[in-house]
Amino acid sequence: MNLLLDQEIAISNPQSTEELVEQYKRIRERTEVLAKPLATEDYMIQAMTNASPTKWHLAHVSWFFEAFILKDFEDKYKPVNELYNYLFNSYYQDVGIPFPRAHRGDVSRPTVKEVYDFRNYINDYMISLLDSKPTNDSIKILTILGGNHEQQHQELIMTDIKYNLGINPMFPKYTDIDAASPRSPDIPEMEFVKFDGGLTEIGYTGEGFAFDNEMPVRKVYLNTYKIGNRLVTNAEYLGFIESDAYSNSKYWLSEGWDKIRNENWTAPLHWHNISGEWYSYTLGGLQKLNLSEPVTHVSYYEADAFAKWSGKRLPTEEEWENTVKILDLQPETGNFIESNHLHPTATSFEEIEEHKIVQLYGDVWEWSASAYLPYPGFSVLAEGISEYNGKFMSSQFVLRGGSCVTPIDHIRRTYRNFWHPDTRFQFSGIRLAK
Amino acid sequence: MNLLLDQEIAISNPQSTEELVEQYKRIRERTEVLAKPLATEDYMIQAMTNASPTKWHLAHVSWFFEAFILKDFEDKYKPVNELYNYLFNSYYQDVGIPFPRAHRGDVSRPTVKEVYDFRNYINDYMISLLDSKPTNDSIKILTILGGNHEQQHQELIMTDIKYNLGINPMFPKYTDIDAASPRSPDIPEMEFVKFDGGLTEIGYTGEGFAFDNEMPVRKVYLNTYKIGNRLVTNAEYLGFIESDAYSNSKYWLSEGWDKIRNENWTAPLHWHNISGEWYSYTLGGLQKLNLSEPVTHVSYYEADAFAKWSGKRLPTEEEWENTVKILDLQPETGNFIESNHLHPTATSFEEIEEHKIVQLYGDVWEWSASAYLPYPGFSVLAEGISEYNGKFMSSQFVLRGGSCVTPIDHIRRTYRNFWHPDTRFQFSGIRLAK
Amino acid sequence: MNLLLDQEIAISNPQSTEELVEQYKRIRERTEVLAKPLATEDYMIQAMTNASPTKWHLAHVSWFFEAFILKDFEDKYKPVNELYNYLFNSYYQDVGIPFPRAHRGDVSRPTVKEVYDFRNYINDYMISLLDSKPTNDSIKILTILGGNHEQQHQELIMTDIKYNLGINPMFPKYTDIDAASPRSPDIPEMEFVKFDGGLTEIGYTGEGFAFDNEMPVRKVYLNTYKIGNRLVTNAEYLGFIESDAYSNSKYWLSEGWDKIRNENWTAPLHWHNISGEWYSYTLGGLQKLNLSEPVTHVSYYEADAFAKWSGKRLPTEEEWENTVKILDLQPETGNFIESNHLHPTATSFEEIEEHKIVQLYGDVWEWSASAYLPYPGFSVLAEGISEYNGKFMSSQFVLRGGSCVTPIDHIRRTYRNFWHPDTRFQFSGIRLAK
Amino acid sequence: MNLLLDQEIAISNPQSTEELVEQYKRIRERTEVLAKPLATEDYMIQAMTNASPTKWHLAHVSWFFEAFILKDFEDKYKPVNELYNYLFNSYYQDVGIPFPRAHRGDVSRPTVKEVYDFRNYINDYMISLLDSKPTNDSIKILTILGGNHEQQHQELIMTDIKYNLGINPMFPKYTDIDAASPRSPDIPEMEFVKFDGGLTEIGYTGEGFAFDNEMPVRKVYLNTYKIGNRLVTNAEYLGFIESDAYSNSKYWLSEGWDKIRNENWTAPLHWHNISGEWYSYTLGGLQKLNLSEPVTHVSYYEADAFAKWSGKRLPTEEEWENTVKILDLQPETGNFIESNHLHPTATSFEEIEEHKIVQLYGDVWEWSASAYLPYPGFSVLAEGISEYNGKFMSSQFVLRGGSCVTPIDHIRRTYRNFWHPDTRFQFSGIRLAK
C-alpha cells in the first residue's frame, strides 16, 4: 500500500504555538496524502447525496478555517472567491444558505487544481496568523477544532470514496491495500465478559480537546452487564443471512423492516454475490469475503436484528465506555488508518488472551443501543459554531470506538460518533452484549 | 356536550371474571359512544396516512380480539369474513401482510353498519369465552391487553377525527363541547420547582396491567433539576412565533429546520390566521385562540425549539416520572376525556397553590427529551403479540402524562407514549425544565 | 339490473324552452339514478387522485350551473355555502383556486344528504331561470353545455366507482348486472375492410350541440386504409399476454415500457389471476373472464403494443371518423349505458353480417393513433368557460366511439374523448387498422 | 472563439469507400474538437438526469459502432472491456439492460483518457473494416447511421455542457465565443407571410441519408396559413414576462401551468435577474440579455403560452416544411455550429429583405404545434436498431430547423427533432403563425 501514513501521534493538546502550527500542518498534509491515489475524475463523484466528492471535502475543510477564523481574526484576509462561502459551506445556516448538498458533484469549477491552490492559500494565512497572534486563545481553540473537524472529514473522504467507487460495475480500487487479514478461519468463539453495575462516570474530563457532545461528565447507574470479547464476524453474519433473517419480520424494528424491503437489502452494503460466491468490495477492490473479519457496512437496523436473532442485544454507550475505562484500554491497540489496512482485520487467540476484550478500538464503529442525545447540562460550542454537534440530536444512534479509517489521534474513550439508523456506508459493525 | 362519558374508573386489574367481563363491556361501549356524534361520511375519511378512519379503528380493535384470542382459544369461532384479517390488521406481520395503511379510507365495504355488526359478533364470542373458561390466564391477560389496546385507539379516534375534519375548509365540529376554558388571561407566571438528584427508581412495579415498555423497573441517577410548575400557554407560544423564531435556524434541530421549511410550518397544527386574528380548530369547531390554554399540536421539533428560545430545555422522562412520584400526584387531578372538554384547559392561581405543579396529568402529552428505547432487561410481550411495542424503538421520543382525550383509567405515572418528532396531530404540548 | 334507464333519446338540440327544461330535468335525474345503488360509504371513496368520489361528482356538476349561469344571470341567487365554490370547482382557475383534487375523498361534509339538497336547490333556481328568461341565448347555450358536462360526469361516476370499489379485496358489486354477454366463444375471425383514401372532411357541421374541440370542420387527405371489422377480444389479448409480451421491450413505446415495469402491469386493469384462472372485476362483481368480450381497461401503451405484436397498427381518428361516415352508422347500434349491461358485450356472426363493421359505437372507447390537438382554426368556447377543452391539448391521445357507460345521446361521429396514454380506468379498448 | 470548426460540408451520401471513411473520420474528429475546451472535471458532471456527462457522450457514440457494427461484422473484434456494453448503452433494451441513466455522472472510471483510448480503438477497427469490406451495404448503411447518430450527440454535448456548467453559481464559460450578435435593438417588426393551402407533400424523398421518422413521404392538405417572417425575440418575450403572463393561467396548457408553478419558472432557462437586470448564461459565460436575439431555452408550454398571449399560434410541422419547400431555402443561410457563435443571433432589415422569411434554419429549434407521431406507413429502421426513433412516439412535440449547435450537414427540410413539452435545455425557440 502506497499511502505514506505514519503511526506517530499528533499532539492533540498542543502547548506552544510551534506545536499548534506543527499539528495544523500535519493534519492538513495528511488529508492530501489520502487524496493522492485518486484520478482527477474520482475527485468529482457523488453517487448519493450523503457521499460528497473528495474535491468538496478538500475545499470544505479549508473553508472552515476561512469562515470561522480568518474572516474574524485576520484583517488582511481576502477570500479567493466570494462564492466559495456558498459552495463549500456544509450546513452552517448562520454563515449563509449552503449550496444544495445533492449537487456538490455537479460543480466542476473550481477544478481540483484550484482547490489545492485554495488549500495552500488558506495554509499560508493560517500559519502566518498563528505566528502573529500567539496569545489569542480563541484562535488557538478554533484552530484545534478545525483540525479535529478536518480529521472527521479524513474519515469521510475514505468512506465516501469507497461508496462512490463501489457503485461502479468495474469496481475500481482506491489503492492497493495490504491483504486485510490472513485467511484464518480459526478465530475463537465469542465469549461474554461480565462487569458489575453500580454508579460510574461517563464523559470527558481531560485537559485536551474534546467535542461539546462528550461533556459535561455525568454520573450514571449501570446494571450488571456482559459484553462480547470480540466483534461479530462475517462468518457469524452469514449465518444470520442464511437463516433467512432478512425475510423474517420478527427480528426487525418496524422502520428497519420497511427499509430492507423498500431497498431490497439482503446483505451488508458492498457485499456482492457473484455466481453463488460472496465477495466484498474493499478499498483495494473486489475481494472474496473473508469470514474471519469483523462484519462491516451494516445499519443499526441490521445490527439490532442480528443481536435479536442471536438472543443478545447491543451494548449501551455507557456500557461501552465503562468497559474501556475499567480495562484501561488505549487506542494504540486498534486498527486505525495509520495501520494502512483500510479494512477491518480478524482477531486471533493470542490477541484475545492478551487483552481479554479486543477490537474495542478501531476496525469498525460499534453501533450502541443509545440514541444520540445531549448529556445533562450540555451546552453548545461557543465561538459562533454552535451548529457543530447539537443540532443533530434527534433520530440518530451513537457509535463508539473508531474504525480502520479513523485517525488514531482523533479517537477517545469518550468519543461519540452518530448516524441515522439506516446508515451503511460508514465502517460500522456489531458488538454484542447481554 | 353530548358524549355520555362517566368519571367512574374502570377496574384496571380485575380480580374476578365478572369484573373482567364488566371492564370489557364498558371499554367496548365507550368506543361506540365516542363514534356516536359522527355522520356516516365522517367514519370514512383518512386525510393523511397516519389518521385512520373511525370505521377502521372500530373494526381493528375488534379484529385484535379475533386474531389474538378467539382464533386461538375458541374452537367454535368462525370469522365473519376471512378478508377482515387482511383489512383490519394494523401492522402485525406475523398474522399476515396487512392491507396498505394509506388505503384504509378507500374501503367502503364493510359499511359502518357491518362494522358495528362485527363488533357485536366479537362481543358475543368474547363474553361467552370469558364465561366458559374463567381460569385460563392467557385469555385473561390478552383480554386485559385488548382492552388497553382499545383505549389507545379511543384516543386515536379522537385525534384522527380531529385531523380528518380539520382539513375541511368548512371546519365541521365533531360535537358541541364545553367552552374549553374560561377566557381568563390571568394565569400565573411560570415558576420552576427544584428537585434534588440522586438515585431513584423508574418503571412499573404494581400488580395491575402495564405495558412491556414500562418494565422492568430500573435504577437511574438524576442530577438536581428544576421543572416548570405548569404547561406552556398559547400566549407564551405566540411570543415565540412573533419573535420570528420559525425563520431563525439557531433554535432548531437540523431535521426540524428541514421539516418546517419543507412543510411551511409557521404555527402549531390546527392554528389558522384569519385576517390577522388567530383561531384554532377544536373538536367543537373553529374558535378564537384562547391565550391561557396550554399550547397543543406541536411537534417535538417545535417543543425543543421553544425550549431553546426560552433558554430552557425539555425534561427527561425520568425527571418527569420522578417529579410525579415525589409529589405523589394522581390522575384524578387531570383533564382527561371523562372531563368532556376534549381540549386542554387553562390552569389558575388556586390550582397551582393547591398542587404546586399542575397539568402533569391530562390536558396534553408532554414531549420529553428522551428517545423511546427499551429499559435494561426489556423483553417483549409473550403470547404471540411480540410486535406490540418493541419494534417501534427507533427515531421516536417519549411523551408523558396523557391528554384531554385519554381515558383516565388508561394512564399511569410510568406510562410511556411515543411518537416521531415531527408528529403534530396528537394533543402534544410543552413543559419546560432547566 | 335495477337501474331504471330508458332508451329514449334526449333532445340534444332543444327547440323550445319546454324542451330545454325537460332535457335539463332528465339529465339531472339520470345522474341520481346512477348513484342510487350506492351505500353512503361508497359515495365517499377516492382510491386514486383521478377517481373522484361520487359525492363530489354530484356536487361538481351542480356547481357548474352555479358558477357559469346562476351567478351571472340570476340576481336573486345566493350560494348555499360560499365554500362550495372552492370545494366543487374542478380545474377552472379563472373561478378561483380549486380545492386540491387528491383530497376530494377526505371531505365528509357536506354530507351526501346535503349534496342532494344542493342539487335540488340548483334545480329550483335553474328551472325558474329558464322559465323566466326564455329568450336569453347565453343561458340556453350554457344550459346545454352544462347538460353535456353532466353527461360526461355520468360516465365518470361509473368508471370512478368501478375503480374505487375494485381496489377493495372484497370486490363489492355496484349492482347486479345482466350477464354481460352470452358465454359464446364462437365469434368470427377479425377481418379488415378496405377504404379508399383521398380528401375527406372531418369535424362537426350539424346544428345541435358539439364541443369546441370537434370544430371547425377540416379537410384531410387520407391514404387508403384497412380497418378491423370488430374490436379485439379478451381471447386475443390473452394471446398477447401468454406470448410474454409484457416482458418484451420491442413491442412497447419507451414511456410504456417504463410504466409497465414501474407499476408491475402484466394484464389489463381489473383483471385478477386467482389460482391460475383469469377473472375480471365488473360493476356486477368479480366474474370469470369472458373470452368473447372486447378487451377493456387497457392503456394506449398496451393498445399500441398489442397492435405492434399483431403486425398491425391503431387507426387514426380521421380514419375512424371517415369509416363511420362512409358506413353511415348511427349510435343506436351500440351498447351504451341505456343497454343496462355496464360492460362491453361480445359480437356475433349475425351482427357482423348485418353491419359489416361492428362495435364502432359503444362497448369501449377506441384508442386512436392521434394525439389530442386542436383542429386548424380551433377557438375555445366563449362565455367564460374557455378552460373547458383546449387547455388539455398536450400529451394525450384521442379515443372515439363511446363506451358501455356513455349516455347514448351524448355521443357523435365527431366526438373526441381524450386521455393520457397511461389511462386504464376508463372503458378503453382496441380496434386494429393497417 | 477557439473551436476550429469548418464550414465545409461533409458528404452526407458518400459514393465511395474513401468518401465514407473520410466522412467517418471527420465526424469523429469534430466530436473531439467540441470537447477540447473542457477541463477533465467538466467531462464528468451530470446536473440533471437528462444532461449526460461529455465523457459519457464520447464513449456512447463509440459504443454504437461496437454494438451495431463491429460485434456483428468484424470477427476479430474484441471489446476493450465487456462492461462498456453495460455502461455506455443508452436505451437499447435489445442489447442488454443499460446502466441507470441518472448515475452516468457517478462513474469516474474509465477515465477521460481511457475513453479517448476507447475512441481510437474503435476508429482503428472501423476504418480497417470499411477498407476490408467495401461492398457490404449493411456496414455502409450502419456507418452512415452511426455518423448521423454521433452528430446528434455533438449537439447534445453542447446543450448538456451548457446545462451542467450553467448550474454552477460561478457561471464558468465553455469557451470564449464571438459576441453572439451586435447589440442592435433595431430589428424590424414581425410580419406574417401568407401561403396558400391545398395538397402538398411532406417527408423525405432524396437519395441520401434520412431518418426513418421522416418517411414515407405523405400527402397532406393544408389550409391557407400565415407564418412569421422571423423568430420571436428576447424583447418580445420580455413583454410577455412583464405582462405577468407567468401568473395568469389563461394562457397556459394545464400541464404547463402545473409545471411553471411546481418548478417556479418565471423566465426561460438560463435567464438570471441580478439586481433588477436580466442576464443570460451563454456558452461564453453570463452576458447581459441581448434584446434583439431570438428567445431560446423555452419549453413548448412557454412557446404555446406566448403564442396565445400574442393572439397567434405555433405553426404545424407541415406548415413549416411547406414554407421552406416553397421558398426553396437551403441550410447555408442558417446560424449553425460551424458559424462558431454557439448562440442564436439577431436578424436584420437586410437579411429579411433578402430572404423574405429568416431564421428558419439554425439559431433555435422551432417548436411546432405537431405531436411527434409516425407518418402513415412508417416502419422502423431495419438492421437491429429498431429502437432508434419509433419508440419515442408519445407525449412529445416536433421541433424543426436546427439550432446554433447543430452541425450544418446534419439538418434537412424534412428533419424532425422531438422533445417532451417541458424541455428547456435545448436551444428551442418560437416562430408564430396564424
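A, B, C and D are the chain letters, set down in written order, and residue numbers restart from 1 in every chain.
By our rule, a residue touches a chain if its C-beta (ideal position, glycine included) is under 8 Å from a C-beta of that chain, and two chains touch if they have at least 3 such contacts.
Treat the numbers as computed from the prediction; the structure is a model and nothing was measured.
**Q** Farthest from subunit B in C-alpha centre terms, which chain would that be?
**A** D
**Q** Which whole number of Å gives the spacing of the CA centres of subunit C and subunit D?
**A** 39
**Q** Averaging only over C-alpha atoms, locate the centres of subunit A and subunit D and give their separation in whole Å.
**A** Distance between chain centres, rounded to whole Å: 47 Å.
**Q** Measuring from the mean C-alpha position of subunit B to the mean C-alpha position of subunit D, what distance in angstrom results?
**A** Here the centre of subunit D sits 60 Å away from the centre of subunit B.
**Q** Residues of subunit A touching 2+ other chains?
**A** As it turns out, subunit A has no residue touching two or more other chains.
**Q** Sort out which chains touch which and give me every pair.
**A** A-B, A-D, B-C, C-D
**Q** Considering the complex alone, what residue numbers of subunit C touch subunit B?
**A** Spelled out, the residues of subunit C in touch with subunit B are 39-47, 55, 81, 83, 86-87, 99, 103, 105-112, 164-165, 167-170, 172.
**Q** Once bound in the complex, which stretches of subunit C touch subunit D?
**A** 91, 93-94, 199, 218-221, 223, 225, 249-250, 252-257, 300-301, 304, 316, 369-371, 373-374, 376-377, 386-387, 391-395, 397, 421
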